[in-house]
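Consider the two complexes below, in which chain A is the common component and chain B and chain C are the respective partners.
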Partner chain A sequence: MSTIEIKNLSKSFGKNQALSDVTLTLKENCIYGLLGRNGAGKSTLMNIINNRIFADSGEILIDGIPSRDNDKALGKLHMMGEQLLYAPSLKVSEMFKAAACFYPEYDMEYAMKLSEEYKLNTKAKLQKLSTGYRSIAKIINALACNADVVFFDEPVLGLDANHRDMFYRQAIEKYNSRPATFVISTHLIEEAAGLIERAVVIKDGRLLLDEDTEAIRSMGYSVSGKASLVDEFAKGREVMSEDTLGGLKTAYIKGDRFSENIPDELEVQPLSLQSLFIHLTNS
Partner chain B sequence: MTKHSFTASYKYQVRRIIFMLILTLCAALVAEIILVAIANYGIDGRLTLEGIGFPCLDALSGLMLFIYGAYFLAEFMNAGAANGVSRTTSLVSAIASNFTVSAALALFVSVVSPLINSLSDSGSDIFLLEFIYGEKKFFEFYGENAFVVRIRFFIMCTLSVFLCAMVGILFAAAFYKLSRVGTVIFTLIIVFVPAFGYPMASISLAKRGIDLDSCMKKFFTEVERAFGMAHVNGSQAGDFVRGGFMMLLTAVVMGFIAWLIVRRANAKPAAIRGD
Partner chain C sequence: MHFNPDGEKPIYVQMAEWIEENILSGAFPEEAQIPSTTDISAQYKINPATALKGMNILVDKGIIYKKRGLGMFVSEGAAEKLRSERKQEFFEKFVKSLMSEAEKLGITKNEVIDMIERGGDK
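== the complex of A and B ==
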């Protein structure tokens, strides 16, 4: 079981500051959603934690051990990245065998079973697979490796709705059968929301939020209905954002919905992760 | 570096190189047999294997390992990065796997090649190392045990092939670390500095009364002497111990420089056509 402590991490690419002084702790056995807009620094953060690129300053400790170039710490992690780090000429089955060399608890039987479920041809070369199937091959590899912490960077990239649903289900099944820390970076927040226990939001390379999804839901609520009624209700309350469609309006309001006296004509919903994300990251 | 991460990297790497090595050697053997048969048929109308042989197979092996060392390093570093292995471990195991493959190839050169050469009329096996350090027959003629001579040849061959692999690894490490622009500049330097830079420097220094050619000649003579090469002192036998030690030392220095280069190098994902 592994806890990752990220301390004052900064990274720049030329003049572009990708990460600024990020301090964060990833607790063990928790499913994290790493959220942020394009270019926010999510992949950079994951790549640094996994020793794929190096930070300009700051430190990462895995179970108290500095992770930089340290096999003892790095061996507890696996990252399913957007990019392919295996030789493209390898067959899918060869990629599984290669990973099995590195991860002592690698479950080859499970990898083959998932390959069948996804209808992934394990004899095909990685370079011959479509983008979607290449993602599937990497997903299976990540789920089968049984590492203590598994990072998924845009795991559902190029996957159809059925495959995406399969991935979410298998991630939960895996988490239940062998608890580990999953860090999932995705833009499909609504889809993954049911999976995520804790959300980490990054904006312009800075940590904006690190909170349990339950706590996020109680941070605010949305009211929908006739625009005039919504406007009247919203008066004097802290409105995070508003959506208007024809004569209907939705207002996202900060506060506890249970302590409010809300008119029956208005529909009340708990704040979704996506609404909060949009509100937080809109510049 | 942990024992497990090193063993895992080493196993993966040896498996990858050995497969390519066997493929290349089989292709070379088949090509040699076909070419000799065709050539003999063309000369006297008979399909025979007369004159078959692998001259300078040790040099060819060195060239092969140079290519493998250079070709596989990026793949090994990336595979390590994908599976929670540090750059240091990936590099150290790459060096170890290249050494293992060098020894395997040297064994092939020392044992199989003389057997193939014995198929020809001359039965001679010509090696670059023999040119440098003295012929095996010379030592056997002067009473040395044939087995000892062969073992010595095998050790020297392993070290020389390993040195070639390390040169490949060093080049690959530089390319792995560099950005795209840096790679282009580095390539241009490698190509153009010896081709144009040297003559220009030679002319420029000659105007100041410095003879660059003789300086370089002196330098290479000293290098040859340091490596115990026979023809420098005109004798038929070189200094094996000195040569072997220098090869090993040079390989270690190259490995250290390669480590300095790759220890903070970002993982470079594989390029896939069409993506």
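== the complex of A and C ==
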């Protein structure tokens, strides 16, 4: 169990401001969805938390202790990122063994069992693996390390539908048997929506939203029907966007649909996490 | 079975209703153990905290109860309780919407009664 406090974090690469004043607390034993468009700053944020790159300003506290160059605090964290941190000539099984040196609770038996389930050849060299299997090897490593906080940066990249399904299930099984905080960054929001307890949305390096997915359901809704009726209803309400089709219209509106008196002639739908995300991050 | 995160009802409500359906159909008999939160969350890939919330709705209603160290069990009389609850909902959920749809289509009350009788003979 670990809590991570991120305080006023900023980072720029040359002229590009990757993160601006991000303050966020990742609570213990919670499954987070870290969402943002390409280049929003998701990987930068995770890389800084994991001490892989350094912030220009701000600080990270792991259970109250500043994390920078603090091996003991960082040992509670694991990150499955885009980069391969191991020598490409290592075999999969050698990568597991190397990781087991860092993480005292590493479960080698579990890693081998999962490898079998995924049909991952543990004798193969990392450089010989396909994109999908390289993701799988990193996923297994991340799940087996039994760290308090595990970051998954695009875990399902290159995975087929069956393997993605396996990953979601195994993440939940692992969470059930050994509760931890999982931070999952993904573009496949719809697929992961059921898994996520809390969503963190980043836009242009700034924190846009940090909210329970249950609460997000009451943040927006859509109404559709005859254009004139939709327009009448939408008047005075905060409309995020509109779609028109012939004489029909759909308006995406901010707010809780249950606190509104919506005419029977209009069809009302809750906004999914994915559509809310699209509306929030469209610029 | 699939729980839809974008559905009209939140996932935990969908899950509670799914268990209720299974109790009503007899798939989960009274005094029998039902699948655990852990099993349901992994099988249907829903967040364990959400699954627990769904379970707790049913515990609060007295539909299921916890046997310490063993798991969740269907309460005695649960199916009957659900049946009478659903009967009350039946009017609100089906009859009212039936009549308002009939009105929209210009179907008279007598015509609706006639249709119900025809449907009931099936």
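Before moving on, here are some points about what is shown:
Operating definition for what follows: the second predicted complex is superposed on the first by the 250 of 283 C-alpha atoms of A that agree within 3 Å, B and C clash if a C-alpha of one lies under 4 Å from a C-alpha of the other, contacts with A are read in each partner's own complex, and residues count from 1 in each chain.
In this section, a residue touches a chain if its C-beta (ideal position, glycine included) is under 8 Å from a C-beta of that chain, and two chains touch if they have at least 3 such contacts.
For clarity, every value in this text was computed on a predicted model and none was experimentally measured.
In the superposition on chain A, A:Pro270 contacts chain C only, with no contact to chain B.
When both complexes are overlaid on chain A, the residue A:Glu28 reaches neither chain B nor chain C. Legend: residue contacts after superposition of the two complexes on their common chain; A:Glu242 is shown touching neither chain B nor chain C. By the touch criterion defined above, A:Leu195 lies against chain C but remains apart from chain B after alignment on the C-alpha atoms of chain A. Contact with neither chain B nor chain C is seen for A:Asp63 once the two complexes are overlaid on the shared chain.
With both complexes superposed, B is the one of chain B and chain C in contact with more chain A residues.
In the superposed pair of complexes, A:Tyr168 makes contact with chain C only, with no contact to chain B.
Taken together, the two complexes place no residue of chain A in contact with both chain B and chain C. Residues 1-2, 4-5, 8-9, 11-12, 16, 75, 78-79, 81-89, 263-264, 266-267, 269-273, 275 of chain B touch chain A in their complex.
Those residues of chain C lying in contact with chain A across their complex are 3, 5-8, 10-12, 38, 41-50, 100. Contact residues on chain A toward chain C in their complex (touch as defined above): 30-31, 165, 168-169, 172-173, 175-176, 190, 193-197, 213-214, 217, 264, 269-270, 272-274. The touching residues of chain A, counted against chain B in their complex, run 47, 50-54, 69-72, 74-79, 81, 83-88, 98-99, 101-104, 126-127, 131, 147.
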